[in-house]
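Presented sequentially are two complexes of chain A, the first with chain B as partner and the second with chain C.
Right after this comes the complex of A and B.
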């Protein structure tokens, strides 16, 4: 449970629950573009997973399977880094219709 | 059993640090603090302590290293003065905001410009809002005793806050005086082993220090920090009581000297209080009811206790060894704030003295007491703030 008032805070703002960045849904920061995944052009090199500054790339059984948009700020690094296959990128940025 | 010695103020504080044997000490040399750390470094080099000394390139780095070492879980000490303390400014707030019980000797020195290495209180007064506890010391004995008590205060589980122990540069730091040292074992038992509450190096319980806290919670963290400060004076008194049992030396929030029945009084910090006490005696011999108050705990400032101690005076002079240019001296501002809620309060004047190490002489205190006699008689204050001992 998140602390509410000043009496509930930890001394010196120390964070005791490791990995609590999961609670911050950075996907709400996304404004214009979102990454789109084309599986047929993916070689599962994992560069998108490696470069993603948050945890938006979903990997199952060693394979890239798509994005968790709750953690995607739309920075476009994954699309930039994606080497794709035969000159076709597996990730490209697309304007988001809201 | 006490050991009597003739030592400088710097030497006395270095000896306290040797007895306490902190885990880490990160420091940068600056006059007049240099001798303190040079002596402590000798203890480290000669294997008298287990302390890891971290030599750094500036005071900003010194305090940064202290913050890291304290967050890691170590007992940490350092020392600085004047411009060194000013360069630490940013990190002072980090240390207190993170609730890290670092103990730092501050050998009070003036600030540039013009460049001056001598004793005044501009440095520590500039850091008074940084969230550090401040203990002030009249002489080497008090600096030694306050240093030992500072660890117990800083590390008290109700508090966990950094503490500055202040003494006057050169006047105390470099003058040799008689001191009663305590034996090593009682001091070690008094400060006891230190156990950090949230050590970063406890790898089984990972944690983070120094998060970004924006408009949603920063205000609350500062409210909590204020609350911790309200608990400090009780801890200071408890530690002083334990210290008295060990040493026979009594400490309180401030020292009063012939103040109980006094009609006029001086409030003055540190070494100059010793000079002023002699002048109190000479006025008493002439039948004048003069008294003195010497603050010890300046941050947090125990307003009600000060008001109670000073309320019966007809006139009080607050002497500041630093200035808030365009404002009153910092001690004067606090004393006036303490007195204001009283229905009947003494007339108050502010004297700025001794900047950049200018001697504070008995005649200066005598002139102030003479003026207070006049104010007590007439009830009239001519000038609220005035420089004394200044060449016209």
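Right after this comes the complex of A and C.
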């Protein structure tokens, strides 16, 4: 929630809802490509989760399950770093259909 | 060093930096902040950042990406601010107002750390505050448009060391801040890289277990300022380590230990050629800069190995 004016600000302009940046959907920044997950090639190494600058890799119980496109900026770091399985990457970048 | 970190187990922890921050696509700064917070996951943490890309873009009014208490600090005084908070905490502890084992962590850019914040950082280190200062070094004042800092490498094209006919990029070599911090005789000073995450996380964990002032310098590739690809931040960090441009080491209680030794030192060209900020170096008239760059690296690597052999 955005304060309407200065009267709504907390003392010291402290933000009480920690992590409320999640309300800003940076997925709209993607311009060219988006990452696509191929589960059959995934070794669940978790490197994509560790390296994603935008906390956009979804992991459940030690397993990679996909991407959060509401936030993913499409940088491609996950695809670049993915070791995959048997020389086959589990992430590739694909042109976004708008 | 400490036991191996299991990523699968680690991935069950909550990330303490939220999505929705406004750092560029492919920026390394949030990766570093996220890794520091992951390594500190077992403690209550109070953090702060001096002005710079990380601070500005994680806290655009009225939103914050920080899920730990975090203080937006002016450009020059991250060290002083955190010293003050840590001192208040100690006073409260003495009075029995708090009994938690809180960890204090500053995360600042190279401009805010090597340059304008150096005296407040030096003061914090000398006074012996119980805090960890992490510098994410992207080698320029990126947030205001890629101005040179004392961390900018030799020959780099920046907006205030523009490569052209007057100067071939930055004409000075970079300041060695990690050594300056170690020279404060603090209990722990180290250099790390996000590509070598296991080493990095262990260093943060180790630092947090030590009482007193700690410093870790982390290389932070920036595709805007380095004129590099969107997707190769981690690869650039890896090349920085493999060429020994960014040696991984620690100085713990005065003893130097090189924590990663590449089997074969890659030539510095491998690191330089993939960055637009060094493009002008690959011409006959600027060849000498690459030579000088390599010489500086070789000298520093030799010095480091020597220092290590003398401390064991």
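Criterion: the second predicted complex is superposed on the first by the 91 of 98 C-alpha atoms of A that agree within 3 Å, B and C clash if a C-alpha of one lies under 4 Å from a C-alpha of the other, contacts with A are read in each partner's own complex, and residues count from 1 in each chain.
Operating definition for what follows: contacts are C-beta pairs under 8 Å (C-beta built on N, C-alpha and C of every residue); 3 or more make two chains touch, one makes a residue touch a chain.
All values derive from a computational prediction rather than experimental measurement.
When both complexes are overlaid on chain A, the residue A:6 reaches chain B alone and has no touch with chain C. Judged by the touch definition given at the top, the superposed model places A:18 against both chain B and chain C.
Looking at the superposed arrangement, the partner reaching more residues of chain A, out of chain B and chain C, is C. In the superposition on chain A, contact of A:87 is made with neither chain B nor chain C.
After overlaying the two complexes on the shared chain, residue contacts for A:73 are found with chain C alone; chain B is out of touch.
Annotation: chain A residues 9, 13, 15, 18 touch chain B in one complex and chain C in the other. Taken in their complex, chain C has these residues touching chain A: 7-12, 15, 17-31, 34-35, 58-69, 194, 197, 230-235.
Interface residues of chain A facing chain C in the complex, by the touch rule stated above, are 1-3, 9, 13, 15, 18-26, 29-30, 44-47, 49-56, 59, 61-62, 68, 70-71, 73-77, 79-81, 93. Contact residues of chain B toward chain A in the complex are 97-100, 160, 197-198, 205-211, 213, 217, 220-221, 223-224, 227-228. By the touch criterion given at the top, residues 5-7, 9-16, 18 of chain A touch chain B in their complex.
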